[in-house]
Structure formats: structure tokens, C-alpha cells
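Chain naming follows the written order as A, B and C, and within any one chain the residues start at number 1.
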Amino acid sequence: MRYSHASKALALSGALALTLSACGGGSSDKPADNNAEGGNASYVVTANTTEPQNGLLPANTNEVGGGRVMDLIFTGLVSYAADGTTQNELAESIETKDSKNYTIKLKKGQTFSDGSPVTSASFVDAWNFGAAAKNAQLNSYFFESIKGFDEVNAAKSTKDKMSGLKIVDDTTFTVELSNPESDFPLRLGYTAFMPLPEAAFKDPKAFGQKPIGNGPYKLTEWNHDVNLKLDVNDKYQGPRAAKNGGIDFKVYQSTESAYNDVMSDTLDVLDQIPPNQLASYQTDLGDRWVNSPYAGNATITIPGYLDHFKQGEEGNLRRAAISRAIDRQLIIDKVYQGGKVKAEDFTAPVLEGYNKDIPGSDVLDFNADEAKKLWAQADEISKWASDAEFTVGYNVDGAGNKEYVEAVVNQLKNNLGINAVAQPFSSFKELRNKVTSHKMTGGFRTGWQADYPSLYNFLGPLFGTGAGSNDGLYSSKEFDAKLSEGLAATDPTEGAKIFNQAQEILFKDLPAIPLWYQAVQGGWSNNVSNVHFGWNGVPLYNEITGK
Amino acid sequence: MLSFTLKRIAQLIPVFIGATLLVYFLVFATPGDPIAALSGGKPMSDATREALTAQYNLDKPFWVQYGLYLKNLLTFDLGMSFSGQEVSDLLGRAFPVTARLAVLALLIEGIFGILFGVIAGMRKGKLFDSTVLIASLIVIAVPTFVLGFVLQFVIGVKLQWVKPTVSGAATWGELILPALVLGLVSLAYVIRLTRTSVIENKTADYVRTATAKGLSRQRVITVHILRNSLIPVVTFLGADLGSLMGGAIVTEGIFNVPGVGNLLYRAILKGETPTVVAVVGVLVIVFVLANLIVDMLYALLDPRIRYA
Amino acid sequence: MPENQNNNPEAGLPISSHRAGKVSKYKIEHYVAPLEETPLQAVDSVKAAGKPLSMWAEAWRSLRKQPLFIISGILILAVIVVAAFPHLFTSIDPTGKEACQLENSNEPGRAGHFMGFNLQGCDIYARVIFGTRASLMVGVMTTIVVIILGGAIGALAGFYGGWIDTVLARLGDIFFALPMILGAIIVMQLPAFRDNKSVWTVIVTLSIFGWPQLARITRGAVIEARNADFVKASRSLGLSKFKSLVRHVIPNSLAPIIVVATVNLGVYIVAEATLSFLGVGLPPDIMSWGNDIASAQTQLRTNPMMLMWPALFLSVTVLSFIMLGDAVRDALDPKARKGA
């Protein structure tokens, strides 16, 4: 993996200069040259998607089906390039001196696809709308750092204006955060922070069905459960200009059928190879495939509220024993046919500041003898009954979960001699419900996909005391302190260093056991070229050309 | 006959209420907070959660929820899905597609099932009979998700006779392969039912009489044996129509058919009560009507059966 | 159909010419020719002595001579033995602590493991053997429950008609409206089922949504049979309504019920697969053919043997029950017996 530490286009003045690392997407082990320029620029590309779960409003789109469309029909202050670096879209500049007060200047003359201008109000109103509890937007927590969020997002609150947002003039507005957060500008490329035209607020529900955006494409047709048609938006002036004649997203219920469509050139781009084709897709597709890591990981969480697994000496020993009893590489090779990368930390290698040699990370290396030893040490503190079951929960409605959880469970059986059992849940809903009500009776599969490219995004929301996705109820004062320290750092390299120090604490406590980093396996038809995948595993649709 | 039909249609009302009540209760009683699932594992503020819960009436007790549902139903308001779409729109899109699929599957079952069944029955114990038996066994023992996958791969990808998946329009022609896969298991039932019936009837007195009268073999088979063998077959096909319409999850998934099975499956997983109840409500109507037709066919097939 | 069997020389069985039950009150005098005028012919000779055999006993006599019955009986017995004593057939305990080694993933067969290994590196043969019990239980028990429940309801509805038919048939519609697998997903998620997952919860769930199908089939067959001449005859001979249902209508309606039930047996075993596949079936530590067939789906192109072996066992089991069903049906049908 290669890392560039060059800060690309994000213009930052003042004390803060942001940098982002990058891991080349689409270039890892590609057999053929996929970078040929040219091609048919008027070709309409067909691509797979899932039906967006909600109306297409920025603050209400939190899943990939809607997300990939939103990112094409809207553009925010910044966007993320293929390697995860941020590039300016609408922002002329984002300035701060203390990581707490930001002044944002917009480029002039930008419009939505219907011709109405993009102004400071387009952002401020959209963010206020997204944050207000009365609008019940799923992404509202993204605005929680902005001052005044607590008031508008209180239960039954009717307020809808955050005090931290102030319009200076048509192209300038200021943001005041509750606490200094150095990675705030990095988040601004996420869907939740997109601007909205005035028309959106009159009838948000209707707007969600027929959104008017400002991205490189515009949505012309949405036939629910069938397809979403995107046309090129010629008013778009940013760096992500379309190199094709539009995109026709076909809704697929299973990737198996989408894969067969790619094989018969009925579908052009598929962003996920189904599990039953992992062994054969490279031969099936010749040079029309990619296998590249992206900013996501898979973990197993063993909550601290379980007997024998409480935060403390015994629990930490047992978690370490379990971590060491899992031969991650073997599972990657046998179950995923090499389609993952063994985890070395709690974040992902595509991110700026990623370090695979954090002290203590050897707890992620397989060692059956060491595992037995650690388990025996824990037994000396408090005996683990020989007939006690250790379960690992997973949801069956996610493809491939069963296979890897069963492999993990078998390894725990073999290497620790304990009675480990895979525990299926029929749906993500059922699993999450038990997890968030903290009623799990064993470990369970977890994972994180970055919302925006930042180490903090993998740490704060997951392991901070009381954080929204802290499924294991982990709490460490030491760790929390490191997080705040990292956020307050004005130099991102310094910040990353502190975040990695925070990870050293996690390696001792193992609030989650990292398994592997996600990688995307994608394929495309004979009709298209220039298919690349981004830092988040999503194809860069605007760069695809016809042959 | 007319009063019989009207009576049966009137029975729809209690059946509809019974079915929707049962299903509404079952979905209500399944554990899991649908709102938590909406967040997709990402954090959600309490205020947002509360607002959403209230929006979908999930904070109210069961009887209030069901009452509100029935009340809205009177104004033909089937409620909203979590994605903010009218459930009636969802149904309006999915049902015609599934109806086409189910009718095709039913035709395949009916035509080939009866044909193969009659031949197997007339030639009991011969090669054709055994071949059909082995083929039926394969269909029964190999689940649809495997059979469908293999057929799609061979016919759609390797031979390229048809596109592997169905387009959004889901035309009759595109649905033939999915309908074949969908109807295969039921085909096994129809073949065996017809075969058994034919074996039973071919030794009946009236068949001997017909043969003795000098009627052609073909006429004996089609008019005398077949007509008298069809009651169990027709019963099965009538009962199967509903399963074909609602139970095509796997087939619809493989061929990407935007139909009712997947709509229902996803709604159950999400805990999206209005959609589940609406789909089941329509299915129950289909059932009752299909049974009515079957009962009328009884009278047609067997003149001794009469309805007041 | 006992009363049609009175003159069955091939069977050479004694006749039960007199029906039990109420006899008509009014005696009508008939003219009967003296015996000398119409001497007994060989074909008419019957052994009047000895107890008459019941229809079932007769069927049994004819059944036990049929090769179809013998073969299917042996096969079913074999499956039952495997289900009851799996460890007799393999020394590997597939639930054991070191039974599955991922290093063996998808390895082909070799000495001691002739069926090879599945994705998780478990021995396929041992899993198939140990999976027999759960699969057979689910298939057979669900079939039995469905026959009893669906058969009784369908027979009552079809025979009595009227409001009984209306209530029972519409009740079936309510349960039938929710497709079996989807209904099962919901029911298996209910706390009472989810927290006590076992073979029995699967059987109960499949039965709840399975009975209306058989009820419908039985009802249709009974409606057809209740109008038959011999039923009218039995009624006019004074047999009560219920008795004539049990004695005459049901035995003559059995053919389609047997056919559907035997095919159902296989379908239920596979339905368990789908349920397990969807995470609401058997608990994961109970092995079953269905479970293994479902897991084989992802490995179809890599290791088709993972599918073939459990599917083969399932097919043979279903085949033997279908053969048994055919034999029983033939034995119960005197016309078919005569023709055979």
C-alpha cells in the first residue's frame, strides 16, 4: 500500500493545514492497465444499487443505496478524491485559528440544477433542518458538534436554528463548535452536509422523491425498486465532471443476479462480487475486476457487561486469548479467497496517520499456545465452566456473515478448547436491537465503515464513553482524554499520533477485536473502461467511460 | 349459483379482518425496534428516535395501532412505508408483476404437470414413469435457490438464450424462466397427483364401458379419465396460486423480479407493519377468490357436486 | 372400498357381506328363487366361515407381498437406524471440539473422509450422518401433524359442508394468506419460539402454516367422494353420517392425501433448510441436511459436492416415502390391485 502525504486541493489558511493519506484504490493487484484515457463520453453507464431506504434528503440518507446517488446529485463544500484526499468543491476556503470557530467562504456563481443559486443560506438552512429533532432526520447526530445542537435536537423541541451557525453574507458563513475538533473540515464532504435549495423546505417529503441538487448529475427518473436514472448536470463546475452520458442505476435484490448480468454484459458496473463467485470471478472476468481495500473494518465485540469479560484483568486476558486464537489470515484465504486484509489496528489503512506497528498490536497475531496460556491465566482469576457456551452473534441477512463467524467459532473451539457456538439472528434489526439494549449474552460481529476519511471516525463514535455506537459499553478515562487531546491538536499529523497513542490503550482492553480491513471486489462489463473505486469502496461513477 | 358466489364474497370481510389482525399482531409481537434498524448501526439521538417512533405510531398500544390502521383503510389509505412511500404505490407496482409471474408458473404447472402425470399414469412402472419420478425427486431435494441459480447461469450466462435477470418492465417473455423455476416444486406435486388419479380411474367401470363402446383411446383418456382425475389437481393448483404469489422470495431474488415476495420479505425484516399487513390482506383476497373458482370447477368436473 | 370387494376371487378372501350399523326398520319381503333353480357356480363360492377381515388388514396382506413396499420399507428402516444411532456409522463426532479444521476447507475426499470436506473444513460424511435425525424428525413429524390437523379439518369441512365448511375453510384462508416461509420467519422470531429453538419449534411452525394446504386437498377429495354411489348406499343402509365419513369417504379420499403428504415430507425438510438459512430454523449446533444444503449455496461453483451429498440422502429418503405411499395407495385400491 502506498501513502501519499500530500495535501491536495483543500485550501486552508491560518494555523490549520489538512493532510490526508491515501491508499491507491483500484491499483493494488490489477492485472491490466485500466487507466486508458478517452472512450465514449456519451455512453450511459448502468450500475447496480439497492433501493434507497428513504427519500433522498442529505440528512436522511445513511445507507449505501441512497448514499451513492446523493453523492452524485449533490456536492458539498468539499469532496473526497479516489485516494481519500479532500478536494474543494463549493468551498473557496475554510479557515480556523482554534479548531473551534470556522469561517467558510463559497465560490461565486454556483447554482443548483434548476438554476437557483447556492448561497450560505443553502448550507445553513440545510444543516439546521437536518439537526432539528422535529424533522426526525437519521443523520442528525452529524451536527452534534455544532453549538446549539443540544437545543434543537432535544426531545419535542420546536427550535430549528443552531446558534453556532451564522450567515455573514451570500457567500460567507461561520460555524462555532461546542468544543475544538480539528477534523471537522474533513467531515464536510459527507452526505449530511450537502446544501439544499429553498424548494426543499416547503415540502421535504416530495423533494426527497424528486431532489434538485448541484452535483455532477441530476436525477431524472426514480422508478422505485427498479431503477434510478441520472443525467449529466451541465451546471456543475467542480472537479468531478462526468465523463459519460449519464448513469442508470438498476436496483438489485441480490448481487448474485447482478453478477450474472455483468457476465452477460447486461450490467456495466458491479461494486460487490457475491460470496459464491469469490473463487471464480478473476477467471470469469479476465481483466475486468478489481480487489482493493477501503476504509472499513470487521470486528468482534465482547461486551464488558458479560460475566468473565468485565473490563479488568480477567476480561482483558480472555479477550486477548480469543483474539490470539483466531487465525485471521487463514480465514481470509479460505473463506474470502484473499478478499480482505488482516487487521493491524482499530482503524483502516486508507487513512492519514495510519500505523500498522502500534505497540501492543501483536495481540492481533495468531498464536494458539499464547492464547491457551492467556485463557488459563484468566481461569486462575475465575474459572470458566467447561460446559459454558461462548456465543458469537451475527445477522444472517448480511451475505457472508455466517461463513466467517462459523470459521471464527471453530477456531475458538479448536484453539481454546471452549464450547463456542455461532448465534444467528434473522435480521440486522433483531441483532442491533439486542446490542443497543445491551442484552447480548455473548460476543457479536461488529464493523465500521468510515463516514469521512479520518482516524477519529473509527475511534470516537465507537469507543468514547457513552458514544452512540459504543456497543460494548467501553469506558476508559485515559482513552477519552487522549481523544480530546487529539481533537484539539491543530496539526493533523500530531493529532494522528495522539489517536494512535489512544489505540495503545484499546489494544490492552480490546473493547472490540479487530479481524480484518474491508476490501472491495468489483467487476465491470465489456462495454466500459476507466472503472476505479474510491477510498470508501464506492466506484467513481463520473470517471467511467463507454468503449 | 349467484347467491352462493355472493355469500362467498361476503365472507371476504371477516377473513380479511381476521388475517390482517393476526398478521398485525404477529409483527407487533416480534422483538426488535424497527427505528433502531433504520439507523443502520450508526448512532441516533434520542430526540430523533422519539420523533420517528411517534411518526409511525409505534409508541401506541396494539389495539390503537390496529384501530388506526383499519380507520385509514376505510379511506383507502394503506399507510406509509419507512421510506416515505405510499404502501398502495408499493403494492400497485409489485402486484401486477407477481401476478404475471404466478399465472405463468401456474400455466407451466398445469400444462406440463397434467401432461406428464397422465403419461406417467397410463404407463405406470415404465421408463417414462420412472424418469419423471427421478426428475421430481431432484426438484424436491434441491432447493430453489440452487436450481434457480444453476438455470440462470446455464441459460442466461453460458448459452445467453435470455438475459439473466428481468428488466423493470418484467414482460411476459422475460418471466418465463423465473416462472419455470418458481413452478418446478409444485410441478412435482401436480405430476404425482395427476398420475395417481389417472391410475385410480383408468380401471374404473365407466372407463371400461367407454372403451367397450369403441371410443378411441385418446377420447377415453381426455374426456373420461382426465376429467374425473382433475379434482385433486385443481384443488392443489388453486391453493398453490397464493403460495406462488407470496412465496416467490427466492425466485424473485435470483432473477431480480420486483415483485410481492421480496416486498413482503424486506418489510418483515424491517418490521414495516403497514406493508406486511397490506400484502397479506391482498393475498387473502386472492386466496378466497381462487378457492371460489376451484369450488365452481368441482361442479363443472363432477356433475354430482352442486351448490345451493 | 370394502363393499365392492365382495366378489374378489383373486384375493380369495372371505367376505363381509353384512354391514354393521343400524338396519332399516321396515322389512320388505323379497321373492327369492329356491337354491335348486340357481345352483351355486364356482365363481360365487365364498367361505362364509371365519371372521371377516377389515379393509386395512386386507390392504396389509396385499401390501407385504409388493416389492415396492419391501424396498421402501428397508430403505426407511435404514434411515431410521442412521437417525437413531449415528455414531454407529462414523467415528467422527462433528460437534466435537476439533472436528472442523479450516485448513481442510473444501478439500476433496480422501482416506477416512470419502465425501471430502465443506467450507469450514468439517467432514461432510459425518455431518450428513449426524444430520439425519433432525431432518427426518422435521420431515416426518411435520407431515404427521399436518395430516392429522389438515386431514381432520378438511374432511369435516368437505363432508358436512354448510357453515362448518365456511368457518373451517375461511380459517384455512387466514393461515394460508401468509406464505409458509414468511409466516415461519415471523413466528420463529416470537420470544417463545426464538428462545427455545429446537426441532419441535420448527415442526410446530411448519405445521401452523402447512395444514391449510392438506385441508384443502382433503376437502376437495372428500367433496368428490361423498357423492359416490357407495356412500349413498351406505347411508341408505342406515349408517350414520359420521360413520360413513370414517368408513367410506375417507378411505376413498386417501390417494391425493398420500401423494401430497409424501411430497410434503421432502418439501418440509428443505423448508427447514430455508428457515435455517434465514437464521430462524434449528439452533446452529443441531446438524441437518437442510442446514448443510443451505450452506452449500455459496460454494456451488467451488465445491458442488457440499450440495450433492446431503441432497442425495434427502432424495433417497423422499423417494422411499413416495414409494411407500404408492404401495399403500395401491393396496387400498382394490381395482388397482386387481389390475396388478
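The criterion applied here is as follows: a contact is a pair of C-beta atoms (placed from the backbone, for glycine too) under 8 Å apart; a residue touches a chain by one contact, two chains touch by 3 or more.
Remember, it's a predicted structure, so these values are computed and weren't measured experimentally.
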- [ ] Please list the single chain whose C-alpha centre lies closest to the global protein C-alpha centre.
- [x] B
Task: Between the pairs A-B and A-C, the one where more C-beta pairs touch - done: A-B
Task: Distance between the centres, which are taken as Cα means, of subunit C and subunit B, whole angstrom - done: 23
Open item on the list: Roughly how far is subunit A from subunit B, centre to centre by C-alpha average, rounded to an integer in Å?
Closed with: 40
Task: Separation of subunit A from subunit C, taking each centre as the mean of its C-alpha atoms, in whole Å - done: 52
- [ ] Hunt down the residues of subunit B that sit against at least two other chains at once, touch-wise.
- [x] 31-32, 149
Open item on the list: Give the residues of subunit A touching no fewer than two other chains, as numbers and ranges.
Closed with: 276, 397, 426-427, 430
TODO: Quick one: which residues in subunit C touch 2 or more of the other chains?
DONE: 185, 189, 277, 297, 300
Open item on the list: Help me check something: in the complex, which residues belonging to subunit C touch subunit B?
Closed with: 166, 169-171, 173-174, 176-183, 185-187, 189-191, 194, 212-213, 216-217, 219-221, 223-224, 227-228, 255-256, 258-260, 262-263, 266-267, 270, 273-274, 277, 293-294, 296-297, 300, 307, 311-312, 314-315, 318-319, 322, 326, 329-330, 333, 335-336, 338-339
TODO: Within their complex, state which residues of subunit A touch subunit C.
DONE: 275-277, 279-280, 327, 330-331, 334-335, 395-397, 400, 402-403, 406-407, 410-411, 413-414, 417, 419, 421-427, 430
Task: Residue numbers on subunit B that touch subunit A, as the complex places them - done: 31-34, 36-48, 50-52, 55, 82-85, 89-90, 93-94, 149, 152-153, 156-157, 160, 163-165, 168, 252-256, 258, 262-263, 269-271
Task: Complex contacts: residues of subunit B adjacent to subunit C - done: 11, 14-15, 18-19, 22-23, 26-27, 29-32, 133, 136-138, 140-143, 145-146, 149-150, 185, 188-189, 192-193, 196-197, 199-200, 203-204, 231-232, 234-236, 238-239, 242-243, 246-247, 249-250, 261, 264-265, 268, 280-281, 283-284, 287-288, 291, 294, 298, 302, 304-305
Task: subunit C residues within the subunit A interface of the complex - done: 97-98, 100-103, 105-106, 119-122, 185, 188-189, 277-280, 284-285, 295, 297-302
